[in-house]
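Would you mind keeping the following structure in view while I ask a few things?
Chains here go by letter, A, B and C, matching the order in which they are written, and residues are numbered from 1 within each.
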Amino acid sequence: MADTITVSVSRYRPEQESEPTFQDYDVPFRDDWAVLDAINHIKDNIDGSLSHRWSCRMGVCGSCGMMVNGEPTLTCAAFLSQYAPGPIRIEPLRYFPVIRDLVVDITSFMTKLKKVKPWIIRKEEKALSEGEYRQSPDELDAYKKYSMCINCLLCYSACPVIGLEPNFIGPASIALAQRYNLDSRDEGALERLSILSQDDGMWQCTFVGECSEVCPKDVDPAGAIQRYKLTGAANWFETILPWSSK
Amino acid sequence: MTTESGYTLYHPKWYRHPVSVWWWLSSWGYMKFVLRELTSVPVAIFSLLTLWQVRSLANGSEAYARFETWMSSPLAVVLNVLIFVAVLFHTQTWFLAAPKAMEVRLSGKRVPDILIIVSNYIGWGVVSAVVAWFWLGR
Amino acid sequence: MDVFSHDVLIVGGGGAGLRAAIAVAETDPKLSLAVVSKVYPMRSHTVSAEGGAAAVIKDDDSLDDHAYDTISGADWLCDQDAVELFVNEAPGEMLQLEHWGCPWSRLSDGSVAVRPFGGMKKQRTWFAADKTGFHMLHALFQTTLKYDPIQRYDEYFVTKLLVDDGRCRGVVAIELATGRIVTILAKSVMLCTGGCGKVFPFTTNANIKNGDGMSLAYRAGAPLKDMEFVQYHPTGLPFTGILITEASRAEGGWLLNKDGYRYLQDYDLGKPEPHPVLRSMELGPRDRLSQAFVQEQEKGRTFEGPYGNYVHLDIRHLGKAKIDKSIPFVRELCRKYVNIDPVHEMIPVRPVVHYIMGGVHTDLDGATPLAGLYSAGEAACVSINGANRLGSNSLTELLVFGARAGNAAAKFALEVEGNGISAISAQVGDEQRRLEKDFLEKQGGTERIATVREEMQKIMEECVGIYRNGKDLERGAEELAKLRERADNIALDDHSHTFNTELTAALELGYMMDSAEAIIHSAKARHESRGSHQRTDFPERDDDKFLQHSLAYRTESDAPRIEYTPVSITRWPPGKRVYGK
């Protein structure tokens, strides 16, 4: 086993250049090192000007998403040993504007997230003195999967629709909308449906399915969207039936 | 002041990678998707052929004989083989997608995806068996 | 120079900061409110918390029981009026979060489930599988999106508190995306920036836990209270320091030494039973468990590994079904980071730094001695955690004191007059010059940030670990002072403005050195052993001299001035901590 591995990192210094370039670094190869450890080694010991985002290093904060060998990956959960003997190519998350080196701008996602109203919507709130809303384990199970989203945005980088139509609201936002739609305590399903049925809403999805492939938390946004399409279509049918009240 | 690279102090200068028209060649996942979508063309052609077959039937035995002759030509055979492969691929991807579109719950517990996929194949097998029985029995 | 003006400014977008923002928005929606965070809020370290949040909800439990467990767990160093308030408001806050959509795990009848936790006599820890912090943070963050008055400044790095005429007036911050230095004025400022675990080399804490807010307050003249009390969580993974939640012990896990023996029975923590017994053995308080590990290590009964000694956490007897249902994240982490499946193998664990009981000194409403400055969460010290925090109290603390401090900050803002930039423009100018001269434009310099940081962490681990003594503390303080000088000589590779994370790393190193200084000197001054502060030269608890909080005030020299302030005792006179009975 070699004791170093070459890491080829995409660099972009807007103050000096107009395009990204690749810079190669040799880092120690340790079999318990994650790709993130290699990037930190570069920053700490070789080239302090490499900018990247990271925090928890345990796969729960969602900061460290990057393209590793062309695949959207959480660098704290991918190990150098998976890519040996290398070289490993590291680039910023695809389909997002690059601010600097491996840092991309995610304000578009923050706007899209707010748009789907990801909070409990109720006509009337229960008083605290009446205790909790009862929710059986099965009711919790109905939306639990979709609540596991860490907002790492790997799914956005995997989705070609985001690349071609950047205004598409995107997999994570729709999965989070579904998380609330299916929560037994929520009453806002119709409100969200009218938002997500618009242009750039769920109908932009063509079920490529790559989002679910790359999701590190098994949220299955593709499944969430297809189910939502079924709900949307059924809802539309109801509105055109002669005896419907809608 | 703006530098040679076009940067102005404190002003963001994001880089947007252009998305190539060949985006779908960049990964196997994307290629599978495009191939799946393209199978809609052979399926459409097959529907047209079937409509032609029905019309030929309606127009009498001479018309039907002409249809059969064309269908036995090498070109038609190759076309049909290609359509068959495309429809198989289409069916397989369709069945894999089935559990995604609809979550089936029996007494509160979610039915595992694999059961839904397998039951679709079984259903397909049963329908094919019925059709084959009719066709072989004539 | 860009100047923004708000009524209330919250620094830090974790559990406490977001809860405070909602509290301010609900107190008066017309208040102009800003939440400034150096990371996007959903990246805040609250997200990593796993085990649960405590609040009395079951019929067999009582507020007094929760209070007693907390006070005895804290080795009587907490303020009992704060604890009484805390246990009183906890259930309401937790229910409010449930109403806001937090997916708490449930019993079959639909009511909220609770689990046992370390140091608690009754079961009162609410949980969301074993990702409680994650679910709480996301529920809070998504709820804040519905309040239009909350204006967020995402990825703005605060570098200084602006103080004038004895009142806090706002902050200076760097907009990371562009490097622009901005002034954000506010009538009240709240620090919810979390703890400083990264001062130590092995910690469960994320990279962003550098004690930013503690240092900002310290430099502005506010004292840091009880900084010597650093909690080591008994079960962290070696090398990465990743947290293996206390819930794995609450569900029935055992700690075994090299000989496969449940060694905690030798340390006055009760008798080993096949099922978990509350306040006994593996469900004892964290400080005692970590101390037991060190003693086992000294007896040579721990495993030796490439990243330090460790023992085994055995959860195999729980079975796959229970593990996948109650602690699935633990299984995922073990498989990923140590390549073992805890269903079949034992988990290697060792104590790692996890939480700092100390922080910015506040009263019951989160107000610091500096007018207009508030604090809540791990950054603050009210104190309800005293000398040792019980697991699952801190997540609830975020909600209770986040809300209280938010309300107090809002009221203060409604009562006082606004700020003019002229009074503090000199300070702002100085800060801008400091950032440019001392960091960005500086040439030469011989030290690398990582080298100085690692040296600091080494000193802290060696001199201010689980067991301390006067000699090591003295040596540590001296070496830290020398390291400070070396830190002034740091060379940056990155002189650019756009998203300069080397600049922020250098600033964070400065913050961490302030916290390290406060920790070491507070530890040096406390001549007793209490809770998580154990001194081999003063092995007994000394209530006569040290039933007091230490306050560290920054001075011009390397050493802070340490003063003391009494602990508030209401209904529970100091007694012995008894576990295992």
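In this text, a contact is a pair of C-beta atoms (placed from the backbone, for glycine too) under 8 Å apart; a residue touches a chain by one contact, two chains touch by 3 or more.
In this text the structure is predicted, and so the values were computed from the model without any measurement.
In this structure, the chain pairs A-B and A-C differ in their number of contacting C-beta pairs, and the larger number is found at A-C. Averaging C-alpha coordinates per chain and comparing to subunit B, the farthest chain turns out to be C.
Spacing of subunit B relative to subunit C, judged by their CA centroids, is 54 angstrom.
For this pair, subunit A with subunit C, the centres built from the Cα atoms lie 28 Å apart. Those residues of subunit C in touch with two or more other chains are numbered 177, 497-498. Multi-chain contact residues of subunit A (touching two or more other chains) are listed as 14-16, 99, 105. Under the contact definition stated at the top, the residues of subunit B that touch 2 or more other chains are 12-13.
Across the complex, subunit B is touched by residues 177-180, 497-498 of subunit C.
Listed in rising order, the residues of subunit C touching subunit A in the complex are 39-40, 42-45, 47-48, 92, 95-96, 98-101, 103-112, 131, 134-135, 138, 142-143, 145-146, 154, 177, 206-208, 239-240, 242-243, 332-333, 336-337, 448-450, 492-494, 496-502, 505. Of all the residues in subunit B, the ones that touch subunit C in their complex are 9-13. For subunit B in complex with subunit A, the touching residues are 3, 5-7, 12-17, 19, 23-24, 26-27, 29-30, 33, 37, 97, 99-103, 108-110. Remark: subunit A residues 13-16, 32, 43-45, 47-49, 51-63, 77, 99-101, 103, 105-107, 110, 113-114, 117-120, 125-126, 128, 131-137, 139-140, 143-144, 147-151, 176, 180, 183, 185-186 touch subunit C in the complex.
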